[in-house]
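As written, the chain order gives the labels A, B, C and D, with residue 1 at the start of each chain.
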Amino acid sequence: MSEFKFNGKTVYYEVHGERGTPLLLLNGIMMSVNSWKPFVKTFSQNNRLILVDFFDQGRSARMDCAYAQNVQADLTAALLDVLALDKVCVMGISYGGEVALRFALEYPQRVERLILANTAARTSAWLRDIGHCWNAAAATGDGRLYYLTTIPVIYSTEFYESHAEWMKAREKTLVPYFSQPDVLSALVRLTDSAENYDVTARLGEISCPTLIISAQSDIITPITEQNLLHACIKDSKHVIINDSGHASMYEQPAVFAALVLGFANQAETRYEI
Amino acid sequence: MSEFKFNGKTVYYEVHGERGTPLLLLNGIMMSVNSWKPFVKTFSQNNRLILVDFFDQGRSARMDCAYAQNVQADLTAALLDVLALDKVCVMGISYGGEVALRFALEYPQRVERLILANTAARTSAWLRDIGHCWNAAAATGDGRLYYLTTIPVIYSTEFYESHAEWMKAREKTLVPYFSQPDVLSALVRLTDSAENYDVTARLGEISCPTLIISAQSDIITPITEQNLLHACIKDSKHVIINDSGHASMYEQPAVFAALVLGFANQAETRYEI
Amino acid sequence: MSEFKFNGKTVYYEVHGERGTPLLLLNGIMMSVNSWKPFVKTFSQNNRLILVDFFDQGRSARMDCAYAQNVQADLTAALLDVLALDKVCVMGISYGGEVALRFALEYPQRVERLILANTAARTSAWLRDIGHCWNAAAATGDGRLYYLTTIPVIYSTEFYESHAEWMKAREKTLVPYFSQPDVLSALVRLTDSAENYDVTARLGEISCPTLIISAQSDIITPITEQNLLHACIKDSKHVIINDSGHASMYEQPAVFAALVLGFANQAETRYEI
Amino acid sequence: MSEFKFNGKTVYYEVHGERGTPLLLLNGIMMSVNSWKPFVKTFSQNNRLILVDFFDQGRSARMDCAYAQNVQADLTAALLDVLALDKVCVMGISYGGEVALRFALEYPQRVERLILANTAARTSAWLRDIGHCWNAAAATGDGRLYYLTTIPVIYSTEFYESHAEWMKAREKTLVPYFSQPDVLSALVRLTDSAENYDVTARLGEISCPTLIISAQSDIITPITEQNLLHACIKDSKHVIINDSGHASMYEQPAVFAALVLGFANQAETRYEI
């Protein structure tokens, strides 16, 4: 349980494991350090695993006004300073992938390798309206309505069928959670901070080895978005996880973990073929 | 402008064109006879085009209580009686595809050929929660919230980009429309009528030539659902429209029209290859 | 049974049907007018169907030396002159799609609508080596070897399973056919004529309504090639036939016919959506 | 440089690295221990890497008559005995994936985890004819013809474009290699040994954690074949490598290595989600 101050506000983080390439995981919008609990053992076995709550997430500080998403990238850089780490391997999923891209653009010398799971280069007009939908639902203060607008689109039809009990438990936990005004206002601010996100024009600047992970049934950030990333990031590879929606780490944890561990830990990513 | 009574309630329909194979188009949930206006010329040129509003749609009667979706299939059969048509070629999209499947199962001798666009064999647990979301949004009475929960997921990211003006015009029209309590309550009943829809086990009974149309970026009824239809309907063909979401007729009208016209009007669907 | 002379050599063609939009079908490399026999009824019912053998195909003249593929486009223009047709709807498959593209570029005013089935914009380095393989097999004079190098890659695994008898009959017919030296030398010349085919840079010139048809399991001209066509041809639509290899007209005749008939015959291809 | 005798014949193998989960790689048909040279560093860093030449491959014995493919699985079991290893993680690609499946069925207690890259459950009628093609080409004794029938279909169009020099170098090496009668006869026997391969009916017996790797542009073993594997192997995950043909390890070495390393080395493959 560790924290530090950034811009005068608390940032919560955890470090697990003591050896190996440092591996930093950046959360999706509704996630927190706790979301990675099932993966801590796997990711810390041969790596120094670093988890962090962005502002308005988990145990980090709530903000009191709108902010630019880039503050989360700056917070990430500050965390590396605290840990005295020059360079890390960064994996970001969804909102965390957006911050990972901003981080790689602002602090290129600090990214060893980059893994972008279920990530887009921009908040498209379509995704912006999805954000408007979420925030309009939040404005009603109705936790169940917020659950219904945000959660189903994150999972695939297949996962819903095969994890019916799990989804019901999720609903039971999340509806009361989303009924808390401060939780909803934090989520609204997080969503707003991505409203004008668009790094498309700068993707050519990214030069570190990059792995782009798509999920076959991802609604929120469909494969077409990752095709764009792949076309614009020079040293990028692209892989597609089958039977998975947007929350690929939960729908296909073993494949997700394999890709992250394997890409982060292979001796080098260029082969003399 | 024609109507007849079914179960004591008004059914509105239109017939365009006087010759050729009768072609019946069944509406998606938020559609009406008017939605086909841009297609009337094309579809009535060599066909007798039949359009109809289901109960709770367009100019047909509003219902006053919950009902089973099958009533819409019975209404369809009654329409053919009124028109003194034994057999027609039926195209259904989304909710209309569900009714088309029910119709083909209940009145198999009345379907010459069947075209299922953006259709599933069942309301999956996932789609059921999407329906719950729509109805929870309707319960707030907020037209803009209903718009934001229902419309974006119907279109693809690509269409949103390329038809930005059109989408804005759509929002301007639909938000006030969705702000009318009777419109919302009709949509809620339509959604409820599909809540327990599942004809999977009976797909083997369908024996007429069937064309299954998927759209590459369909969120509401993803390709996996049409794969299931294709696997279970004996004499079925499967085609995928690129660059299109769930509202394939609007996103790719020329391809949609080509498939419907071409499949309905070819001399026969079996070839001596 | 009709023919005319072009460049002093015989061109064989057939016209079926008397009314409707003229529809010209251009053959794949190993095809001839006869290959369309199962489709004549369907395609001539509401269209004036025009079939033609390119030089070195079917009943048209054999050539005695290498030639540029463009001669086939010129031959096509000469045929329209003979028929006194200003404009036609052109469908080309594979080699025929290449000629269709050349024809649309050289004689843009003569193409009403363009349908490109299983077509690429260029003979890629990969496809060039496939051509070298076919010609090296032809050089052995062994009809069975030529059959085995050319035919399996044209069909999908699924079709092979479901049409085992048909494939065996095909082998029985084609092995003796491919054992004739003049047949092989004609096929070698046809293949050579496409060796340097590349119209990629000129695709932007094509302005007529264009339908691009891919087949999900097409080995010879995979979907990536049609993605390129679609990205570069302004007014193009893209559709993918499921359960089909390169010979889409034989693997999925009803879908193939629907697309061609529907796209050629709809009143217009632009809709006021 | 190590070898042992199996059935009285020499088997060549190599072991690299001394610690970590033993990782056994099984070759595709035209591969040998040498093919893995670019991967030895990566795969032996945290694993005991085991490479082996099947009979009729590399430095293992040439056979003098036809044999069942299962002998290669028995040879694999014998190798584990020689190394005194009870259980290993097995990765097989193509022919090596077939042997891996046979091995997992015959010696289930010896497979810790199974990785099947570009593998099918059966030699389909289509693949059988591809094999006939290769063997008919071999029968001519013409190394260039054998090269042209076997190599291009193994790579994707994209790889051919981006690795033009590499492909030319490959041709320069392989044409003389394929011109050696004993090489061709060994390849013919290997191909024949897979002629009647079909383990579809037994896939339900496989219970170890299994990762199925497809390549988007794989001609020889298309994704439909891996869909079948995935549907029938209980504890299987499925992932698709983009921009890759059949030789996925050469076309996308970093993604291939990531998947193998990550799946073999994660603490467990079941997560408490």
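Criterion: a residue touches a chain if its C-beta (ideal position, glycine included) is under 8 Å from a C-beta of that chain, and two chains touch if they have at least 3 such contacts.
These numbers were taken from a predicted model, which means no experiment stands behind them.
Chemist: Using the touch definition from the top, list the chains contacting both chain B and chain D.
Modeler: A, C
Chemist: Can you name the chains that touch chain A as well as chain B?
Modeler: none
Chemist: Find the chain most remote from chain A, comparing centres computed as mean CA coordinates.
Modeler: C
Chemist: Averaging over Cα atoms per chain, report the distance between chain A and chain C in Å.
Modeler: 48
Chemist: From the mean C-alpha coordinate of chain B to that of chain C, what's the distance rounded to whole Å?
Modeler: Here the centre of chain C sits 35 Å away from the centre of chain B.
Chemist: Which positions in chain A are in touch with at least two other chains?
Modeler: Residues of chain A never touch two or more of the other chains.
Chemist: What topology does the chain contact graph adopt: line, ring, star, complete, or other?
Modeler: Chain contacts: single closed ring, each chain with exactly two partners.
Chemist: Where do chains touch, given as pairs?
Modeler: Touching chain pairs, listed by label, are A-B, A-D, B-C, C-D.
Chemist: Can you list the residues on chain B that touch chain C in the complex?
Modeler: Against chain C, chain B makes touches at 38-39, 41-42, 45-46, 163, 166, 209, 211, 216, 230, 237-243, 250, 252-255, 257-263, 265-273.
Chemist: Going by the contact rule set out above, which residues of chain C touch chain D in the complex?
Modeler: Residues in contact with chain D: 124-127, 129-130, 132-133, 136-137, 140, 142, 144-145, 148-149, 151-153, 155-158, 160-161, 164, 167, 217, 219, 222, 224-225.
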